[in-house]
Every structure is written in C-alpha cells, then in structure tokens.
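My questions all concern the structure below.
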Amino acid sequence: MRVTVVYYGGLKQDVGMRSETLELPDGALRVGELGEVLRERHPALAGRLHTVAYAVNDALVDADYVLQDGDEASLLPPVSGG
Amino acid sequence: MRVTVVYYGGLKQDVGMRSETLELPDGALRVGELGEVLRERHPALAGRLHTVAYAVNDALVDADYVLQDGDEASLLPPVSGG
Amino acid sequence: MGRWITSEPLALEPLLRELDDPASGAVVVFLGTVRNENEGRPVRAITYEAHERLAEQVLSAIERETVERFGVRGCRIQHRTGLLQLGEASVAIVVSAGHRGEAYAASRYAIDEVKRRAPIWKEEHYAGGESRYLDGVPLTHTAED
Amino acid sequence: MGRWITSEPLALEPLLRELDDPASGAVVVFLGTVRNENEGRPVRAITYEAHERLAEQVLSAIERETVERFGVRGCRIQHRTGLLQLGEASVAIVVSAGHRGEAYAASRYAIDEVKRRAPIWKEEHYAGGESRYLDGVPLTHTAED
C-alpha cells in the first residue's frame, strides 16, 4: 500500500524533506509502527518520536490507528503556536 | 466671595440645575460647609451628601479644603463609568 | 478628540498604533459596550457624562500606575461621553506587554480602577422613554488621584 | 483569507463585527505579536507553519468550548502563517460576553488552549541569519480535538 508522510515544524529540517510517499507491504500497519519504519530511514528521528503526535487525513489519531492505502500521515512535533 | 457650584450625574436632576454661582460671606468656608449650605437650598440633597465627593478647580479635595473667591466647586456623586 | 475623554466613537487602531513596540509580545484590549439589559431592565441607550478635566487626570494616572505596577510596556485608556446606542463602546483599554500574564492582569486592574475612580456617570435610557442615573461607587480622595 | 488560519495580516475589525451583539457588555481581545527577544536572544522575525486543515478544526473546537465553558456570547480565533516581522500579530482572539469577569477568563482559556493544542510551529530568525524551531508542547490526542 502507498502512504504519504508529511513532516511538520523542525522535523522537516531533521529529515531534510517536506514529505515522501512510501510503498509499504500490504497488511495491518499501525501508525506507531510507521514511526519505527521512518526512524530506520531517518536516523535524525531517533529520540524525537516519543514527543511526536500523528494525524491521518486531517484527524489526530492514536499510535494504534491502522493505516489504509492512500492515507496521508502527518508527523506533528511539539507545537509552538500562539 | 463668589463660588460657582457644578452638579454632576444624578445630582443635577435632584437640584434641577447644572450649575449656580453663589455669593457667600467672606471668610474661611470649607467645602464640607458649602455642602451644608447647599442642602438648605436644595432639600433633595438631604441623604445624598454623605456619598458626594468634592472637586475644586479640577482637583479632588477633602471636605476641609478652604474655598477661595472665584473657585469652581464640583459635587461628584458615586461614579458609574466604564 | 481628546486623548482620554472624547465624544466621538472610540477607534481601536490609533490606540494600538500608539503602543506599537517591538519588545511587546502580547496585547490585551478591553472594550466596555452598551448592553441591552441591566439589572433585569431592557436598556435602549446610555448617556455618559464626565467631569472632563478631572477625568483626564484620573485616566492618565491609572495608565501610569498600570505600567508601573505590572511592568507592562504601555497602557492607553479612552472613555466616551454623550449618547451611546446599543453595542457602542463606552471605554477602550489597550495594554501591551512582554508576556500575556502581565497583560491580562494589567488590563483587569485598569478597568477596575476606571470603574472605581473615574468621575464619569451613566444615565440608562429604557424602552418606555424613562431614564435613570445608576447608583455607583462613592469617590474617595486618595494621593494617587 | 481562511476563517481560522490565514497568511494575510490579521484584521481586528472584521472579527469584532462578527461578534457584534446587543447582549454583550464586555469585549476582550488578545493579540500575540512578534517580540524582538526570546530566551535572551534577539529575534528579527518568525515563520509560523500550520497543519492547516487540522488547525482549523482545533481552533473551531476551542471557540465552541470557550463559549460553552464560560457562558460567553461569542469567541473568534485567527492565527496567521508565513513570515512575520517584529510587531506583527500572529494570533488574534476576540471574546464578547455579558460581563467582564467571564470575558477575561474565557480569553485567557482560549489563548492557553491555542498554545497547547493548535498544530502550529514557529521558527525564530535571529540577527545573524541563523534560525531555529523552538521546543514546544507535545500534542496529545483527546476527544475534544
């Protein structure tokens, strides 16, 4: 299945990109497990994932949300708006 | 001596005028004593003077302020601005 | 248009521009507006009257105190006089500060002091054509005034 | 210009007009502005980035909660994105209420929640040309969002 990952805030500097589209093995992949996949691709994510929240298609989700083909998953680091 | 008295807020309705200029006997008259004079002229002031503050020529004064010829004395009832 | 007391509609933008300050991170504005009800009675308008010269001294003093007590960058207060219709602003208070905590505290202090100390009176006009001066807060003569 | 997130300069007047209400007696406005210093470092500009669609949901939810929790008449929140110069407003919050007590409390709640929950990030630009994303508040997934 195909999942697009979008990096927000400082994460896009850490990984050196705004977004990437990944081809992942079909089957039940949770968004928390996607984080592990991404950490292997981007060592700079090590030590940061525990403070990252996930949104899928414009809704915040828990780490056990099961990804679907075509999902857009956003990695949201600690926020600093206001 | 001549003193002009100006009534603010509900006081000007109570006494039926905005201001009046009084000829008072020369000599030391305190602004608190002026209040007594005014209560005799305007029975509607009875029961109201204890909550009235006095200004003379744009400064708040205590009741023992001694009036001078030409002073403008303002009677200020409880305030309700904001 | 007086700096503190004016009979013209209050305008926020000039007050905000006066307090423009690169060291400010938070601005809190308070507007008091004419409400259609008070103490259970339907209100249709309010007339505000001020002892103008004394009120300007008092509002100016409250501005200075607000800056000193809360360490904010600036404070501007304007109060309107005359006949105000529903929804119109009677008072505008703008505070600029480094951080929001002191901006809120300073704004709240300034409006409370205006209500307590400014020589200003309101006459409420009711639906039936009747009107009434409201009971208010007795003024006291303090050194700060 | 989005209702909650916009890249254009924030304008207060339209928000105030939206909340025009004859039952309102108090309006409190909060503006967050770009300050020339943070944590001891001189700042010359800030870039704000948002997850726009999610941020719009969150700001809209905070508006609703603010009205419900504090019984105020209305609440409008706007946050700006893009490169902001010193003194420019990054966020505007307008609350209208019957009385000032609840207006201040509601305004304070709304800005605190925006800082805690809105998916928005700031990158500070410093005098030397360097820039940095600030450490912030980890988002949590709650039912309210």
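As written, the chains take the letters A, B, C and D, and residue 1 is the first residue of each chain.
In this section, a residue touches a chain if its C-beta (ideal position, glycine included) is under 8 Å from a C-beta of that chain, and two chains touch if they have at least 3 such contacts.
These numbers were taken from a predicted model, which means no experiment stands behind them.
Farthest from chain D, judged by the mean position of CA atoms in each chain, is B.
Distance between chain A and chain B, defined via averaged C-alpha coordinates, is recorded as 75 Å. Between the CA-based centres of chain C and chain D the separation comes to 25 Å, rounded to the whole angstrom.
Per-chain CA centroids place chain B at a distance of 50 Å from chain D. Within chain C, contacts with two or more other chains are made by residues 32, 111. In chain A, no residue touches at least two other chains. Here, these are the chain pairs in contact: A-D, B-C, C-D. Chain D contributes residues 32, 48-51, 53-55, 57, 79, 90-91, 111, 114-123, 133-141, 145 to its touches with chain A in the complex. Against chain C, the residues of chain B that register as touching in their complex are 8-10, 13, 51-53, 55, 58-62, 74, 76-82. Residues of chain D touching chain C in their complex: 12-13, 16, 20-37, 86-87, 89, 96, 98, 100, 103-104, 107-108, 111.
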